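In what follows, a structure is listed as structure tokens, so that the remarks can point back to it.
Note that the chains are named A, B, C and D in the order they appear, and that numbering of residues resets to 1 at the start of each chain.
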Amino acid sequence: MNKVVANAQAAIQGIQDNMTLMLGGFGLCGIPENCIAALVEMGVTGLTCISNNAGVDDFGLGLLLQQKQIKKMISSYVGENDEFERQMLSGELEVDLIPQGSLAERCRAGGAGIPAFFTPAGFGTEVAEGKEVRMFNGKPHILEHALTADFAIVKAWKGDHYGNLIYKGTARNFNPLMAMAGKITIAEVEELVEPGELDPNYIHTPGVFIQRIFQGSTYEKRIEQRTVRPRS
Amino acid sequence: MNKVVANAQAAIQGIQDNMTLMLGGFGLCGIPENCIAALVEMGVTGLTCISNNAGVDDFGLGLLLQQKQIKKMISSYVGENDEFERQMLSGELEVDLIPQGSLAERCRAGGAGIPAFFTPAGFGTEVAEGKEVRMFNGKPHILEHALTADFAIVKAWKGDHYGNLIYKGTARNFNPLMAMAGKITIAEVEELVEPGELDPNYIHTPGVFIQRIFQGSTYEKRIEQRTVRPRS
Amino acid sequence: MLDRNGIAKRIAQELQDGWYVNLGIGIPTLIANYIPTGISVEFQSENGILGMGPFPFEGEEDADLINAGKQTITARSGACIFDSATSFAMIRGQHINLTVLGAMEVSEKGDIANWKIPGKMVKGMGGAMDLVASAENIIVAMTHTNRKGASKLLSKCTLPLTGVACVKKIVTNMAVLDVTEDGFKLIERAPGVSVEDIKAATAGNLIVEGEIPEMVI
Amino acid sequence: MLDRNGIAKRIAQELQDGWYVNLGIGIPTLIANYIPTGISVEFQSENGILGMGPFPFEGEEDADLINAGKQTITARSGACIFDSATSFAMIRGQHINLTVLGAMEVSEKGDIANWKIPGKMVKGMGGAMDLVASAENIIVAMTHTNRKGASKLLSKCTLPLTGVACVKKIVTNMAVLDVTEDGFKLIERAPGVSVEDIKAATAGNLIVEGEIPEMVI
């Protein structure tokens, strides 16, 4: 059960125009840098991208936006990207904004075979428009549906041939949830290890959710807000 | 933020007759042995116990059944307990049997503020009686509601003063889900460690879900089916 | 007629390279002993492990490492452990390629009953209802008739159902059958079992088309 | 009038020992600098960390350790890391004791708007809608008026809502106010700010009962 492919180019084989992709990461933290670069190179267009953020102008999903490869974004927060705002306000880009917790839970639900669930988030707001409302414990909730994708692309710290993954720090974020929700899920990792090297008790994403895995190269891991404190 | 209490007796303070408890474990694996013993000693009765299994005649929840402390069991499988079967068939014990995956998900939902969700499990069976049915992707699903408890009692391998927990092997099972769903959650651990000893990246249950923690004593960890293979 | 191990061996032939498989308690568990050479499959146990290995050597049992049948097990290299919600996320989300489980009754529509005999036996459904409601590929492993000699392949189940129209294939001690729109379609006979024997032991609609080959085990 | 740090200091007085707290981007983030001595609180950041520590020393920034504002942070002893679904399970499941966030408008019913200015600015709601829909205890930290001098405390929000009837308390550069059934109830004045000043800067219904004390910062 060896799911290893050579590189990002091999991993994204089969991604076609107008497909729906999920991409892990929060801001630029934990994003699949190698696959994004390969998608730019591949030139696939008309994509619907489900990702918490849209990167920045010149990194992350911003690179796909620059090349106009994205038709629609499904995100919770896109505030760090001028090109994004321009395309959205001009109507070039469709945008579906979703509360962050609902986005995470909808991805998990998609992977877990839960087609829909009730959440209080968004009741009484634009987000609830057209959605079923039901009271539970005296409080209004809205019905949210599962999200799935033709391909989910996640970034992990370490992974093995079975696709078992371990993330590092807050680079975990949406990655484990999106990993569950792809018809095909690609994992790029900083370090590909031999089966048995990862302690079964501490694996974050079981290999069953992963179809392809490769070791990425030259991670830039750009920091969006470099905040420090003085040494006192 | 020190949640450590002295022992099981101190941990179960406040548990009263007719309360609803969740107890982690699968069979006898990963059950809160110390708290169960303390509940027997305490003599509290009329309990509704949510637990995947009901222990065996003379161990686990079987001890509470022997003492007739349980009014109702909410479980998925209770096949290893003759006293259980006797009480159930005689009508002394109420029993609500739930598909295992729905039980796990309902506990998680209770802890996660998801009041209800759709699942295909149980459609067309007794389990679906009286429940809403809805089609998703051409397939019937039933609406299941979240479960919560006055007290959830879980067993972990290691824990710290903040209530951060790590489980060992398949003793994890329902424990992390029930930990989320208790109004008050008690964790008993084999080893109580100092804050900082557990790697933040490998904690299974974040301390926010835990209100009380203590180091248990003399874990029997009884094996239900000792299966071995010959050394060849 | 096949014995329990024979049924397991026949089902093992259905395994495909790279599959994740959930094996129920009883006969299904035996399948792990007969994986065809040259293919790699991983076994999931719904209590929270993927990459289940063989039973431990005596003296090496770990109370914290069991399967869904509460038996002591081992973990293979590349195994992983998870909680019950994640386990059923795999199952419900159709990430498991094959589910094999036992049954008390199967109907010609693919309904299955295996968790309750009203008034007599109520052990509970465990994970079976989740498994049969979700799995794309379900094989039932069972004896063709019950202890009283009555057929377990019926036009309609008499016992409380575990799942509806979900069973795709049945392997018994007498035969391999596919569940089709029109009923049980006979695919193979067990060694020494005639089509007439199978007809006599099958209460539901049995479809026999052409020559029925004997199983090669 | 308080500056941003003053607002943060005043809100910090609301913290109680043992609380888990989620701080939004902007003024709320500053609260972590003013935790009263003798109490212990833990900060959650919805991108997946509990036990957030101060910013790292220069040269020790870790790209894999950020907060929800995408700022580099550190993890305290006893911290833990989790995925986004678990993070919002904490939030939605009301395991977080206090949420502090900024706002563009708050209504006298406790409605809040802070994510969108139609046609002008659409950054998205991030985790704010989940936070305000679920938290039992929500404090808004903001300036009393916007850059044009218009009140941000209204009888009804004019911008698209983030949540309905959820804000319990507001701390501005001018005042502390509780959101009650009858409107904004003035609790404290900022140093040097009169009740008349606050009345003039509050568009929604303002309730002033008895002597209004000045904040002690």
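What to note about this one:
Throughout what follows, a residue touches a chain if its C-beta (ideal position, glycine included) is under 8 Å from a C-beta of that chain, and two chains touch if they have at least 3 such contacts.
Model, not experiment: these values are computed from the prediction.
When chain centres are set by their Cα atoms, the one at the greatest distance from subunit A is C. Subunit C and subunit D have Cα centroids lying 55 Å from one another. Chain centres here are Cα means. That of subunit A falls 36 Å from that of subunit C. A straight line joining the Cα centres of subunit B and subunit C is 28 Å long. Touching two or more other chains at once are residues 49, 75, 81-82, 85, 88, 91-92, 134 of subunit D. Under the contact definition stated at the top, the residues of subunit A that touch 2 or more other chains are 105, 108, 112-114, 119-120, 168-169, 201. If you draw each protein chain as a dot and join the dots that touch, the picture is not a line, a loop, a star, or fully joined; it has some other shape. Here, these are the chain pairs in contact: A-B, A-C, A-D, B-C, B-D. Chain contact summary for the complex, subunit D toward subunit A: residues 45-49, 54-73, 75, 81-85, 87-88, 91-92, 111, 116, 119, 122-130, 133-134, 160-165. Against subunit A, in their complex, subunit C makes its touches with residues 17-18, 20, 40-42, 44, 49-51, 75, 77-82, 85-86, 88-96, 134.
Touching subunit D in their complex are the following residues of subunit A: 26-30, 52, 75-80, 85, 88-89, 95, 97, 99-105, 107-108, 119-127, 157, 168-177, 204, 221-231. Of all the residues in subunit A, the ones that touch subunit C in their complex are 1, 108, 110-114, 160-162, 164, 180, 195-196, 198, 200-201, 203, 206-209.
Across the complex, subunit A meets subunit B through its residues 105, 109, 112-120, 134, 136-137, 141, 145, 166-169, 201-202.
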